[in-house]
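Next up: some structures, all given as structure tokens.
What follows is subunit A paired twice: with subunit B in the first complex and subunit C in the second.
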Partner chain A sequence: MKKNIAKYYPLVPVLAAYLVMFLMGKNMSGMWQLMAMLAFYCALGQAFNIFLGMTGYVDFGYVAFLGVGTYGMALGITRFASFEGLGIGIIIIGFALALVMATLLSLAVGAVALRLRGAYFAIATIGVNEGFRYLIEGARIWNGSEGIIFMAEMNQAFGRELASALSTFWADVMVFIIAALAALVTIYYMRSKIGYALTALREDEDAAKVMGINVTKYKIIAFITSASFAGLIGATSWAIKTPYVFPPEVFEIHYTVEAIIIVLLGGAGTLLGPVVGGLIYGLSKYWLAVILPGFQLLIFAPLIIIIIIAFPEGVIGLLKARVKGRRLGTFIE
Partner chain B sequence: MSLLRLENVTKKFGGLVAVDKVSLEIKEGELIGIVGPNGSGKTTLFNVISGVFPPEEGTVIFDGQDITTLPPYKRAPLGLGRTFQISRPFSSASVRENVAIGAMFGRLAHKVSVNNSLEIADRYIDMLGLETHRDKAAGTLTPVEKKLMEIARALAMRPKLLLMDEAMAGMNPKDIDDMVKFIKKIREEEKIAIVSMVEHIMRAVAGLAERVMVMHQGAKLIDAKTEEALTDPRVIEVYLGHPPDQAKWRSEIWKKERDNNG
Partner chain C sequence: MILEQLAGNLIQGLVLGAIYGMATMGLSLIFGVLKVVNVGHGAFIMVGAFITLWLFTALGINPIFALPFAFAIGLGIGFLFYYMAMQRLIKAPELATLLATFAMGMLLEEIVKLIAGSEFRGYNWAVGKINIGITVLPMTKIYACIGSVLVAVLLYIWFKKTRAGTAMRSVVEDDEGARVCGVNVGSVYALSFAIGIGLTTLSGVLLTMFIPVGINPYMGGGYTLKAFVIAVLGGLASPYGAFFGGLVFGLIENGSYTLFALLPGVEPFALTRFLSFVILLLILLIRPTGLLKAK
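Let's look at the complex of A and B:
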């Protein structure tokens, strides 16, 4: 029994990091927005890591799942705001819609694209977010290019005060919770047959098949899990926090690239990696925007190239190799 | 009852017939060698049996079930294990995890948990003498150690039939002899049929197999008792190129030619 609990020790530093970030944001004046931004990047990394890190497949259309999650919450709030007495239940409906929509989209994309290998998969997914954006705009689904603005519905459903608290505080708290949940699912996968199957297929897909692993099944499991968390992040960070949604904003490939950077920087396939990657990326982006506004991308691009060449395993990958076998090693995964 | 039966199996790559109407029967617990020069279709035959690609013609029957078009991941749980000519470890995972993956998704997949699998892995790691490498990343092993690890991983699948592709390539004669002993022992203990495929290390085949199938240009040349097969003039011709007397005749002509040219 004790051994079984010890398997989950690597969660300790992850959850501790989130707790420290939360407490710092809550108790130090002016820090909340920064911590909320960092939590968003950590959550994004944690969610994407379940797919990118564990399978080694790069999904360039990943932001589409955040996008449909945003729409899920927006639709939930706009369609159900007029029902009396639902109260906070509307948020739950919104989350459910976000989850269902992200899952359905990931099933549709996965069923086609996951038949492709490596680089071909990456290329096939590049168009997903753009395609979805043009579908919404062109077919005028969900208000088309005008987007949905639902500040009024939020106020109507929750009252002005609660709506404001939801946007400025609770949305960020939910991001922390989603990040922690994604970490929990990650370690659960790592310690179960799913994780072993994913490791095997990441290293050698053909050998994995011959060893009896149904690689398509496990890739789809990782893909759907990762996409569902993306949907939840979209539903909070991009919907509850900012009560409007415009197609060009939520299907912007820029966020996929950020997610890839965070996962690789921290260490793909590790549990603590996305936290470290999210913190490094978020903080450096923040400081560069303060010191050299407008130049942050110009400086960040070569910086990232250097880091990825110097530590291809990511920060945590490197650390893990160092502390292996030592007592500290049981906490780093 | 036969464990594996191939009936007129043909596999083509474009115009190249890699495996040409091969029939083969393997009984439970049998030890068979497949021999043939480079390019004779041995590995392709293994790939057809393990399901990497389906054959164009013929049927593959394993344990009474037609598996001709079954994907490879459904074959492993039936009891088909294999090792690869060029080792294919899951490099970033430790040796222990590699072997455990075999146990986890092999024949007893539905019965064993992750913890059971790791225990099973330990047993096979000890059996192959890899104790000191247990927690090393598999990618850091030497080629021979990788081969041993692959054998442990395949055995952890608890197969009924184990296909070994050039398991002894790159080993020195003493290691080969040890390996031959080990394979015989494992066959007795685990009651599995073993097909060992070898290109030219006859030392390994002669000491190991009860029966040998020789392949040449994709087709079955001979399938007989080991001694009979390896001394067959046709087999010698395949390896040395020409019948002995003809070869001698050619070498004399060549010698004359050389002398004339000074």
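Let's look at the complex of A and C:
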């Protein structure tokens, strides 16, 4: 029994980090926005890591899942705002829609892309976000390129006061919860058959196949899990928090890049990595925006190359190798 | 009436397709030899476009003379990037090379943005036009098309007749075998990568001759996706497959635009972009070795 709990010790630093961030944001004046932004990046990294970190496949179209999640919540609010008495239930409908849409899209993309390996997989996914964006704009689905603005529906459904509390406070709280949930799922996968199968396939897919592991099944599990968390993040950070959605914004490949940087910085395939990566990335972005506005990408681009060449294991990957076998080692994963 | 319009657009598509094909040869060359997908492909096209723009607007140099310039600069960037980063990543997992080329593209975009800003630019090189009855072709487009075919032919001769070209083809077939036969695989990698990048920046010049507007640091993103579709059409590893893939793609793009424009209540331009994504997925699903390769 004790051993069973010890398996989950690595969750302690992750959840502690989120708690500290939450309390700092809540109790120190002017810190809430910064902490909310950091939580967004941690959640994004945590969600992306479930697929990229565990399988070693690069999904360049990842932002598409955040995009459809945003649409899910937007549709939920706009279509159900006029129903009396649903109240906060509308948010739940929105989350359900976001989840379903992200899952469906990931099934559709996964059905094609996950049959492909390495480079071919990356090529298949790099167009997903653009493809979906142009489908929405081209066929004028969900208002096409004009997007959806639903501030009025938010006010109608929840009343002005609650609507404003939702977008300025509760949306961020939900991001914290999603980040923590993603961490829980990550450690659960790591410590179960799924994690072992994914590690085997990441190291050598052919060997894993020969050993009788159903690699496709586990790849799909990781892909869908990662995508549905993305959908939830989109539904909160991009829909409830900012009640409008425009196709070019929510399918911008830039966010995939941010997710990649965060996961690599912290350490792909580790539990604590996305938190550390998210914090480093978020803080340096915040700081760079103050001292060198507009130059973030110019600095991050060479940074990616340096990380890949010099320390591909990321911060936590390096730390993990250092503390292996020591007492501290049981807390770092 | 509509058939005439379709025919006219298909001719435009064929001309553009030749340029598209040329613009994808570098991507296929790099994949064929190094087994590396250059995810930053479009950024190198953008560099070529800016070289043309600057030479034309600042020095008044004819875009045709920008071709060797762009090729040389691309070659330089290619060698530099190969020896600084790619060399160390060739044997690393695919993740590493994908991210490195992506970051390289991003770095170029940001450097150009720093120098030129991010507004859209264009230039006007007026050298007359030809009316062929169903459509009007400016001379610049014809020059660009001829240039593309010439470059493809030159590359073909270079591949077949020179020692370096032969060494490259041997590495494409079997890099271990080539090594055993005394080919310096390392330098073949470097040379192929540099030539691949050089061809891509050169194609940026040709593309601006076809479309001399919309030049912007981030213009490459759309071309990256198109280049992937084209490369996959042609079998990904073959520069010639890519050239013919380009012709096919040019026809599909312009043909489908004409047809989508007939539908009420849609944005035809966005739908052609969506269609190219669907084609990409379909080919990858049904025939990842490419449509044009009879295997």
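By definition in this document, the second predicted complex is superposed on the first by the 330 of 333 C-alpha atoms of A that agree within 3 Å, B and C clash if a C-alpha of one lies under 4 Å from a C-alpha of the other, contacts with A are read in each partner's own complex, and residues count from 1 in each chain.
As a convention for this text, contacts are C-beta pairs under 8 Å (C-beta built on N, C-alpha and C of every residue); 3 or more make two chains touch, one makes a residue touch a chain.
Remember, predicted model here, so these are calculated numbers, not experimental data.
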*Go through the superposed model and pick first if A:Y8 touches only subunit B, second if only subunit C, both, or neither.*
neither
*Based on the superposed arrangement, let me know which partner A:A207 touches: subunit B (first), subunit C (second), both, or neither?*
first
*For A:Y244, select first, second, both or neither according to whether it touches subunit B, subunit C, the two together, or no partner.*
neither
*Partner contacting more residues of subunit A (subunit B vs subunit C)*: C
_Is A:G325 touching anything from subunit B or subunit C once the two structures are fitted on A? First, second, both or neither._
first
*asked:* Just to be sure I read the superposition right, which of the two partners does A:S192 touch: subunit B = first, subunit C = second, or both, or neither?
replied: first
*If you lay the two complexes on top of each other, which residues of subunit A touch subunit B in one and subunit C in the other?*
none
_For the complex, give me every residue of subunit C touching subunit A._
31, 35-37, 39, 85, 88-89, 92-96, 98-100, 102-104, 106-107, 109-111, 113-114, 221-222, 224-225, 228-229, 232, 236, 260, 265-274, 276-278, 280-281, 284-285, 288
_Going by the contact rule set out above, which residues of subunit A touch subunit B in the complex?_
191-193, 196-197, 199-200, 202-204, 206-215, 269, 324-325
_Looking at the complex, which residues from subunit A come into contact with subunit C?_
52, 56-58, 60, 112-113, 115-116, 118-120, 122-124, 126-128, 130-131, 134-135, 137-140, 144-145, 253, 257, 260, 264, 268, 295, 297-298, 300-302, 304-305, 308-309, 312
*Quick one: which bits of subunit B touch subunit A in the complex? Just the residue numbers, please.*
50-52, 71-77, 82, 84, 88-93, 97, 100-102, 104-106, 109, 114, 135, 153, 157
